[in-house]
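Okay, so chain A shows up in both of these, paired with chain B first and chain C after.
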Partner chain A sequence: MLKRDEWLDLARKLDWSFSYVDEREVFPEVISGRPWLAQDAWKDWDEPYRTTYAEYVTNQHAKDVALDAVREAIGRVEDFQKHDASWLNGLKLHVATLPLAEFAAVVGNLRAGRFARDSAWRTTAALGALDELRHTQIPLLLMHDLVQWDPQFDWTHKFFHTNDWVAIAGRHLVDELLLTANPIEFAIATNFVFETGFTNLQFVGLASMAHHVGDRMFEKMVQSIQTDEARHAQIGGPVLQTVLKHDPAYAQYLIDKWFWRSWHFFAIVTGFAMDYLTPLKDRTASFKEFMEEWTLDQFARSLEEYGLKKPWYWDQFLDGLDQYHHMVYASAYTYRATVWFDLTLPGPEERAWLRLKYPNTWDRMEPIWERITERARQAGPGVEWYTHGVTPVAFCDLCQLVLCEGTTDANSARTYAHEGRKYIFCSEPCQWIFQTEPQRYAAHKSVVGRILAGEAPPNLLELVKYFGLTQEMWGKDVAGGSYPWLVNAKTNGA
Partner chain B sequence: MTRRRTYSHLSQLGRKPSDYDIATSNLLYYLPRGFEIQSPLSDWYAKYQVGSRFQCKDWEAFRDPSETTYAKYTERQKNKEVFVEGLLRAADGEYDARLTSHWITVLDRVFAPMMFPVHGLQMVASYVGSMAPSGRIVVACALQAADEIRRIQRIAYRVRQLQSVHAGFGERAKSIWLTDVMWQPLRKVVERLLVTYDWGEAFVALNLVVKPIFDDFVTKQLGEAAMSFKDDVLSRMLFSLGEDCAWHRAWSTSLVSTVTKSAPEVESVVAEWMDQWRPSAQAAVYAFAPIVSSVVANGGSAELQSDVGPSSTSSGIYDSRGSRVS
Partner chain C sequence: MLVPLHGFLKGDSLGLVVLVHDHDTMRRVVSSLQQAATCRVAPVPPDGLRVWVKGAALDPDLTVAQAGLEPLDRIDVAPNEVTR
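And then the complex of A and B:
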């Protein structure tokens, strides 16, 4: 047989000059992206890591067989029941945000399969669409049987179809990042920033925790997914290179915007899992440490390689790394009936660990948990409402997450008037993203905006129904308030 | 409370959900709620997806008759690729040296340039997938686009093999595609398909008209010509690639029947599009008649036949091979 490199190039470069239609008609800027350049400018687009179709289907089939074997061995309900309850709730959070977002990425990749400006790019994106289809179907199939045991796993499919506040934030991100992005923005935002910059947090960081917990199914699933991501994420680099040559300011803008938006997403999904929902004994590092190792160092290095600057808000981001996900977690814990997974009340040992890992900021978080712990003790086991908020909270008009940037004593929320409407943002970068392209975001209503417009109910119990939750499903304290350390224990974790 | 057995959206199914049910149902959350942001593509979707005359009350009713999931697809295709690799292994230098110079000339002109139009078909399949209003259609289109990649790569592989025995073979593929009169009608059709943005029309033109005609030409006419020139390897390879095309046709037929069942008025829309596209698609393939006739004159038995069914307007919808799809 011929070696791949002896023939594959013939099949990679298949663009031609159109005679019967205009190139601008075939690749309208609105859907193929800016800067609009003639094909000639893209003709050297090159994916460093080549795969043939035959290799693709052969390798992917082998991976599915391997994963199936794991599923057969340890994918039954009884196997999941063995895991720590709070870990399982981290799992519920993850698997809800995964499959339908991956399917939005199928759509985004197919758009690139049509409108990307070089044939090799289009073909790599089309196989990327298949990868994302795999990442849609694996978790849907793996989690399916778990709904018999725990109805919260229903959100594996349901989440993106609901009006839950996290789902609204999720769609606001995914619609722009994956579902409707043009191929250039998709390549830089999704392939370069999101996949290259952040997903190792999950694939390496969280997978190592899954290993410690003994959740081999989750570990093998994310590792199997990672091998696909590594292949299609390589689309980002060569696209970025060409955009940098023609419009470096736009390239920098996309990096800055998407690093911030991706950061908020991972702060919640991965931050919650690593610093709160993984049992203390199984935590191999803190979320911040993983971010430093897998995102900051590597991402900063790759920006430098491309001659890009760190995002302008880098210092604010570094500050946030010490506190943002802690603030959102505390908010989520006290509004747990608004989400589809249970949350844990961090005990003295956990808080001591958090103080160790976040020495600069934990002192500000500690009093919050002391107050919650005191109320939990007074309420006793089984009483959820005494440690639960009662009035709806405010959300950022950009990221749609609760206003949790800044610190407990220095809130960074800010307001901005645009065409007669007042908007509120959690942070300067969120406001900056909004102001740069207000036409994308101005019409959107946050949860509070919906309440004020009469589209969503103001009463929290009713609002939770609007979110798609029933009592059976909504989040509770993971231990029902029964913690061995809670009775007659000191509340101070220091 | 009764015990939950499946995801809530499948609870009314009335049977145990299959892997296909679980892995392909309700995957597009943006329908009908719309996008959370005002995307620059919001208008594009409003015009070419929501505004298409290809409408169905319940897009989720569509099912791929083969119920193809990702895992099923890679397994199926891997096996086909093992078969084709076996064929190609047989096409060593000796085999290629035995092929007649006339046949090599035909292949140089008709086979090698084919990578270009097939890439166009790959692009349109991707487009229809990106615009389709049901997850199951998206899935079928994504896999169809991958099938076209398979076809391109197998052509490329065979071109390289032939090149090592017949110097210069395939080197003019692109210029033939761009300038040879024989290819221009097809090139015009493919370029027009690329700018057909109504997703329904793009689907109908691609999968009910252009592909059935073109795929048939490749699998049957060219395949039979290969056979008559004792090029079994190519004939069998084209047969294997033709199996993919048969699946494209099967799921498309199923989609049209789902749509016309729910919205009979769409039948005339489909027929109208088919009538619009058919003449140029047929002309594109007829353009190859001279060379296929010359194949016949040189001892081959293949003929380019008019293999087109009754007009769609007579009664029911027929794909361009004459099979009733509705």
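And then the complex of A and C:
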């Protein structure tokens, strides 16, 4: 009987020369991606896991059994109710952005399962599609029971179906990254940049915080997902290697574009959780420190190994690492009714920690929190509106997020006219991405564009309804404005 | 005529869409943006602030129409002495 490694390639390497049709018809460039290369250029494609389908089924079954056991033991409503309210709201943010994005990744992987240029790549992508289906189902299953206790958890499924501004930004990213990308762009953008570049922030960084918080369910969930991601992320490297050989400028472009887009996503989803929504005593490091350890060092090293340059905007990115998520969080706190999770008002101890972790930039944020705190104190507990904005906010026409790049002194937003329409971008890289492929992005309407076109209401209260939120669902202050330090400060005359 | 502008108040964390009339003066535009950002940025006496467009501070008595501001233009509101 043949040993595994003796027969494996007979099952994985199934490409042959076509005699009745042209190879370009079987793998059209418009679907398979560019550079279009004959199969010969891809024939050495390989990845280290080389998993067989039988191994895949056995391994995944074991993982699901293990996760089910954890769910049985600590996945009930009363187990979640024990956690700190801020942490639970970080959880709501995560679980909303996760499952249907993973479902979009099923589609991206399936496209690669048919149109990727080597059969071993197609096999690995098909297993990747099964992985992503699992990552869709797990959070939906785990959070479903919590809906009866806290309706905001309903956004685990609902989020991507709404017109909430975060969902619009999420879809803008996910539709391009996962749903519509051809297998080459998908492999470099999703597998190489997004998965190997950033997801360790979640799988290592946030998992360690979940451990400290005592949320073993979340910890086990992301660890279980990580084992899948680690395998299918390996698709990216060998694809990048081949593209680099034939079209290095395009490879660099894809890296630069997707690093920026991924960065904005993680700055919000992970930045909020690590620096604001995790209780202070459980924070093992700041978002910036995790980024430095798990993204900057490792990703920069792998770019170097491939002979790639750091993205051209690297210095702007490093500046943003110190302030972008802080700018967005302060903005989101004062527009919390526009999101589906509650936000916390950072108190003196938390702000001292943030100053320690962000010594070069925190002084710019401090006056904003002093102002919000002062108004929260004047309003007293339970009065949300006094620390809430009422004017519509402006959104970037590329990333669709609020215009929070730059600093409080010099917001880096920039306007641009294209074919008679005015656009605004939060940053130079967002404008650069738009200008490089305007046909991809020009027709999309931001929230402001929808308001001006009469498709969305201008009044914030009505706009919140357009976002799919009701008073029961919309975000509030985590503590209802009732913080011991706020009362003490008043008593002390501070 | 109503004119929506992208407004950035110095000290604020984000850009806002302020709706002004074409006959509003720059003084009024300053006040509108300050009001819109008041929960994050403590108001200062508006006389010390100017509307800045493309690096130039506009006369406080100039109207939106006279300044040639069009829908979705970017304006900044910052102290008078700021050099942009």
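The rule we apply is simple: the second predicted complex is superposed on the first by the 485 of 494 C-alpha atoms of A that agree within 3 Å, B and C clash if a C-alpha of one lies under 4 Å from a C-alpha of the other, contacts with A are read in each partner's own complex, and residues count from 1 in each chain.
FYI, a contact is a pair of C-beta atoms (placed from the backbone, for glycine too) under 8 Å apart; a residue touches a chain by one contact, two chains touch by 3 or more.
All values derive from a computational prediction rather than experimental measurement.
Once the two complexes are overlaid through chain A, chain B and chain C fit side by side, free of any clash as defined at the top of the document.
Contacts of A:V487 after superposition: neither chain B nor chain C is touched. By the document's definition of touching, neither partner reaches A:L356: not chain B, not chain C.
Of the two partner chains, chain C is the only one that A:D409 touches; chain B does not reach it.
More residues of chain A are in touch with B than with the other of chain B and chain C.
Remark: in the superposition on chain A the angle formed at chain A by the CA centres of chain B and chain C amounts to 140 degrees, rounded in steps of 10.
Within the superposed three-chain model, A:A443 lies in touch with chain B and out of touch with chain C [touch as defined at top]. Once chain A of one complex is fitted onto chain A of the other, the partner contacts of A:V107 are limited to chain B, with no touch recorded for chain C. Of the two partner chains placed by the overlay, only chain B lies in contact with A:T123; chain C stays clear of it. Using the contact criterion defined above for the overlaid structures, shared-chain residue A:V77 touches neither chain B nor chain C, since it reaches no partner. Here the smallest spacing between CA atoms of chain B and those of chain C, following superposition, is 22 Å. No residue of chain A touches both chain B in one complex and chain C in the other. On chain C, the positions that touch chain A within their shared complex are 4, 6-8, 10-19, 36-37, 39-42, 71-74, 76.
Interface residues of chain A facing chain C in the complex, by the touch rule stated above, are 326-328, 330-331, 334, 365, 367-368, 370-372, 374-375, 386-394, 402-404, 408-409, 411, 413-415, 422, 424, 448, 451-452, 458. Against chain B, the residues of chain A that register as touching in their complex are 1-2, 6-8, 10-11, 14, 16-21, 25-26, 30-31, 52-54, 56-58, 60-61, 64, 68, 99-100, 103-104, 106-108, 110-111, 113-115, 119, 122-123, 125-127, 129-130, 133-134, 136-137, 140-141, 144, 147-148, 151, 154, 156-158, 160-161, 168, 171-172, 175-176, 179-180, 182, 439-444, 472. Those residues of chain B that touch chain A in the shared complex are 1, 3-9, 17, 19, 22-30, 35-42, 44-45, 69-71, 73-75, 77-78, 81, 84-85, 88-89, 115-116, 119, 122-124, 126-127, 129-130, 135, 138-139, 141-143, 145-146, 149-150, 152-153, 155-157, 159-161, 170, 174, 177-178, 184, 187-188, 191-192, 194-195.
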